[in-house]
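Letters A, B, C and D name the chains as they come in the text, with residue numbers starting at 1 for each one.
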Amino acid sequence: MDTNIKFNTKNLDLFYGDFQALKSINMEIREKEVTAFIGPSGCGKSTFLRCLNRMNDLIDSVKIKGEIIFDGKDINGPIDVINLRTRVGMVFQKPNPFPMSIYENIAYGPKCQGMKDKNQLDNLVKESLMKAALWDEVKDRLNKSALGLSGGQQQRLCIARTIAMNPEVILMDEPTSALDPIATAKIEDLMSSLKKDYTIIIVTHSMQQAGRISDKTAFFLMGEVIEFNDTPIIFTNPHDKRTEDYITGRFG
Amino acid sequence: MQAIKRKKQKETIIEGFFLICAFVAVISVLAITVFVFFNGLKPFISNSYSLWDFLTGVEWRPGSNMFGIFYMIVGSIFATLGAILIGVPVAIFTAVYISELAGSRIGKMIRFAVELLAGIPSVLYGVFGLGIIVPYVLKISPMAQGESLLATILVLAIMILPTVVSISETSISAVPKEYREGSYALGASKIQTIFKVVLPAARSGIMTGVILGIGRAIGETMAVMLVCGNPIAGIPTSLFDQIRPLTTNIALEMGYASGVHQELLYSTGVVLFIFIMIINLAVNKLVKAKVGS
Amino acid sequence: MSKSFKKVLVSLLIGATVLTLAGCGSSGSTTSTTKEAISGEINGGGSTSVQKIIDAAGSEFTALNPEAKFTYSGTGSSDGIKGATAGTYSFGCASRELKTEEKGSLTELIFAYDGIAVVLNPANTVTNLTKDQVAKIYMGEITNWNEVGGADAPIVVVSREDGSGTRDAVEELVGFKEKLKADATIKEGNGNVQTTVAGNTNAIGYVSLTFVDKTVKAIDVDSVKATVDNVKNKTYPISRPFLAMYDESKVDDATLAFLDFLMSTEGQAIVEEHGGIAV
Amino acid sequence: MGRKAKDSLIKGVIYLATGITLSVLLFIVGFIFIKGIGLVNWDFLTRDFNENVVYAFIESNDVPLTIDEETLNGKNPYDKRYETHLEGPIYVENIGAAIAKVAYKNHSTEREQFVITYIEKDSPFNRAIDSTGKSITIGTDYILQSINGNDFTSLTLAEVAETISAESGELKIKVVQPGGGIKSNIITTLYMVLLSLIVALPLGIFGAIYLTEYAKPGRLVNMIRFAAECLAGIPSIIFGLFGMAFFVVALKFQISLISGSLTVAIILLPVIIRSTEEALKTVPMAFREGSLALGATKLQTIFKVVLPCAVPGIATAVLLSIGRVVGESAALLLTAGTVAQIPGTLFSPGSTLTVQAYYVAKEEGNIELACAIGIVIIVIVIVLNILSRVTSDKLDVFNKK
């Protein structure tokens, strides 16, 4: 499966002030695959995820060295961050729909990029909601406030509004950790169906989730990538002892 | 069991106490309203002066029993409108700068400066108006007259700045970080995030700031009295005309008025009161309507 | 409440109560007259024109009677009359005759006469106006300085608020009763009129003679100079009495003592000293 | 127009608006400081507004001069703002003090006067009494106007010295304590702030607690909130009317400190309720649930968890209220009077700094003195700002960002 590489990270270091959160990360993330990042909390998996769409820019004490090649260009260099984020969408741990109607939430992204045509927006909203498997539940209250939805529905709304941007990559930072098992299952089915169109990179605490939905898994520890391989190998016979200890739950 | 019952009792007593404290605000409003309306409507009920002449008259000559305040109402409205048109946008943009664009150190400094501006008493705005604005308007006014509607608008605009800025800024910075992150993640720029997500989310706080700003502009007396000219008649037709807002009419003559003249000053207070009620109701409805949909 | 928060609130309360107790430490405003020392709080108020004379007389009176406390608030003649009748002032002052309906149970006494100066900006070339010209200016019939021998510029008319005794006297004596032009600028108090005229080269206003200083120029009226002597010999046409008044039933001895002092030779000397005309 | 261009245009407008706000502030504060700074000095802060004339009775006895001529001339208590030195000083033995002739000039009056420049340790002035026998203080920069009835006005310094030396035994000297200061206004203002806060702060905070913690949303809460909002909108002149009619006339508190502070307390209510409510609302529900889940009663939750978190909001409330009291003039004009004195009792009149600034600007047209008072007001406001910022940071224990 040598589909071309989406993200090619070369000895990436990241510092919060003088604390080094990421140590020389080298990783090639393939297109149209689900890559999972696992590891104990504070190991830097979320930090690395946020590097991929430059969300760490919001924190002013961050210093980054090394390269992340995306589509031939190093995104750590001077690039149009706005354009990068339209192509690399992100879903957060706690669902954060805007305090607007469901319709407005989804139309928000495209409108920011200048889409004005009414029915073009309507189709996009409908399409995104169907892709996010939320259309049937909300199709008759599109102008009701999004804050009225349940946790699971809100997260799927966030996924829908990300899809509305028609991104190439969708980053997910522990998307189901705040949801109940039923909603989690719905999100997981959704992800496997999204795999056809989008490269998905997900940070998760639950190894079962990683096992179920990801093609490749990277194990992070203390800011380093200990092992990065096909998911079945990672979970059945990991090369590194530390990965094995983490997988069998001996520490972490 | 006894301890729990006593604790329960203590709780209800204190809750009652809190209710009374909250109610003091209502009682004082009722007292003031009743007091102003009672005295204000007396002349019309005992028809020692006709309400119609009072509301539509354009000349105020207590000596010859002429009490028309229409030109004052127009003056007050023009002055407040002008102050809002200039003051509110500048204030909201300043609030956006302080909470969104400024670095934390600069933001803190400007916030401190704005709080200082809020602390300056309105009399000093009047003195500043008298010292700087009136002579400046004198130079450019075709009527060779410094005191004018323009001078009043400028003084009021400056005065409502701090109120609108500080309250808007508090509510803007109270908008949760997640909304901003969500917006950035969708590829929206900083400015788009501010104007499409943050400001709408902070709308109720900003609206409160604007209400208080309008209230302060319409209610200002001392600063305005020094710069508005206080003519005894004449609907303002140009920025350089003089005006006599409702508040200065009261302050100017309340000390010495008596009999019908004093009651009609209370009536001026009633008109002012109704203005404020209308503004509060309008904006409350506005704020509730937006959030609901 | 967390300990530190409670501490702040409690200290605020204690600090405040201590201060207020200290505030009302000294004795309340009881009035008692022993033969030699007159004591008690005299709170007068009313016309702003009398302020200079009354303040000077008040401070001399308290010098002679250290036990007595004297204050005077300048809020306008009609307020003085209202305060005297209602008893919120120990005595009231007015710079105009009382209207019949205002007399009520008040006892009045004239303690001085005062000329009213028509003042212009020092830069204004006009030096003399007839009473009739002043009336026409204030009624809006004359609107440009060149009509009265001045530069070609609009006349900015400055007048006093309705309750002012000075305004009442001027309107009566100059003859534009209740016919003040609509867009005249109304200023509250002699000082306020003075600053407005001082700040605007085209302005005309009127103030008590006791207020005239180098910031404004008092002009002749009907070619008579605005001086104390001309007011005394009645050639200067605009002058009016300074009245003090009180309500028999509400007045206290300290106030009566002050009013007697005001009418005494020493009191009248103070009136002369401050530009007023003794009775 | 592209998004980038639109963004930079809006950013430009934002910078412009902030620039306008800042330049307006600098311009106003600059105007007040430039116009007023000349009149601000130690005398300005420590003297009363009105001159205080008193007849001093002293026993004349010869007191030798203990310092040499050189240092005597050096002793210069003149008030640089208004006084320029003319003659002297000359030491007069029988009153143990040195007197100089000085020209006094302010924005409206000009006169010459004789000022005490130095008083010997055992000069009779230190044992002066007034006509009722109470001892009074007489210090340097006091003005001498007459002795035993003969007035000094048109005399030269030498003649004045002679007239005084000629007298003996008990001397009756007319002494004037100079005015031109705002000590009484400062103290009246502080009384007004404290008194109104004592009344309004508890009412406002507890009222806000009821609105956010106890009240079920409905007609009652809306009514209270609407009432508070109306109070905020009512112009202070109408509070002045109400205060005058209710406190001054009806309750017979007269025009006094207590009427003024109660009237202002009502004005402060909406400001405090509003800010405290806003602060209480920002405290996340999770804190309350956490506390209740640990078995704390509603009251303990409020006082131990919610209020401390809301301290920054309450600090803003105190800050805005103090600013409002210091700035209030219309309401106080009709209820606390325009008399420049320290209110002897709760029931005597007294003008705060702002009312005095208004009176001086309006009545005497003295913009410089109004600005000088303005400087003191602004300094007080700055100190209060810093104070409440420090207290709120220190107490901001719970929600450290």
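Note that in this section contacts are C-beta pairs under 8 Å (C-beta built on N, C-alpha and C of every residue); 3 or more make two chains touch, one makes a residue touch a chain.
The structure presented is a predicted model; accordingly, all values stated were derived computationally and were not measured.
Peer 1: Counting only C-alpha atoms to place each centre, which chain is farthest from subunit B?
Peer 2: The most distant chain relative to subunit B turns out to be A.
Peer 1: With contacts defined as at the top, give the pair, B-C or A-B, that has more of them.
Peer 2: B-C
Peer 1: Average the C-alpha coordinates of each chain, average all protein C-alpha coordinates together, and give the chain whose average is closest to the overall one.
Peer 2: Central chain is B.
Peer 1: So the centre of each chain is just the mean of its C-alpha atoms; given that, what is the distance between subunit B and subunit C in Å?
Peer 2: The mean C-alpha positions of subunit B and subunit C differ by 33 Å.
Peer 1: Whole-Å distance, subunit A centre to subunit D centre, using C-alpha means?
Peer 2: Whole-Å distance between the two chain centres: 61.
Peer 1: Any idea how many Å lie between the Cα centroids of subunit A and subunit B?
Peer 2: 49
Peer 1: Distance-wise, how many Å sit between the C-alpha centres of subunit A and subunit C, to the nearest whole number?
Peer 2: Whole-Å distance between the two chain centres: 79.
Peer 1: Name the residues of subunit D that each touch 2 or more other chains.
Peer 2: As it turns out, subunit D has residues touching two or more other chains at 3, 361-362, 367.
Peer 1: Give the residues of subunit A that touch two or more other chains, as numbers and ranges in rising order.
Peer 2: Those would be 112-113.
Peer 1: Can you list the residues of subunit B that touch 2 or more other chains?
Peer 2: Only 130, 189, 192, 225-226, 255 qualify.
Peer 1: Within their complex, state which residues of subunit B touch subunit A.
Peer 2: Against subunit A, the touching part of subunit B is residues 176, 178-189, 192, 196-197, 200-201, 293.
Peer 1: So in the complex, which bits of subunit C are touching subunit B?
Peer 2: Touching subunit B: residues 75-82, 101, 153-154, 156, 161-163, 177-178, 180, 182-188, 192, 195-196, 199-200, 202 of subunit C.
Peer 1: Flag every residue of subunit C that touches subunit D in the complex, lowest number first.
Peer 2: Interface residues on subunit C, with respect to subunit D: 1-2, 4-5, 8, 12-13, 15-17, 19-20, 23-24, 26-29, 36-37, 41, 43, 48, 51, 55, 59-60, 62-67, 69, 71-75, 86, 88, 188-192, 194-195, 198, 211, 213, 215.
Peer 1: What part of subunit D is in contact with subunit C in the complex they form?
Peer 2: 50-55, 107-109, 130-132, 134, 136, 174, 190-191, 194-195, 197-198, 201, 248-249, 254-255, 257, 303-304, 307-308, 311, 337-339, 341, 343-349, 359, 361-367, 391, 394-395, 397
Peer 1: For subunit B, which residues are in contact with subunit D within the complex?
Peer 2: Contact set of subunit B toward subunit D: 7, 10-11, 14-15, 17-19, 21-26, 28-33, 35-36, 89-94, 96-98, 101-102, 110, 112-128, 130-132, 158, 161, 165-166, 170-171, 174, 189-192, 195, 205, 208, 211-212, 214-215, 218-222, 225-226, 247, 250-251, 254-255, 266, 269, 272-273, 276-277, 279-280, 284.
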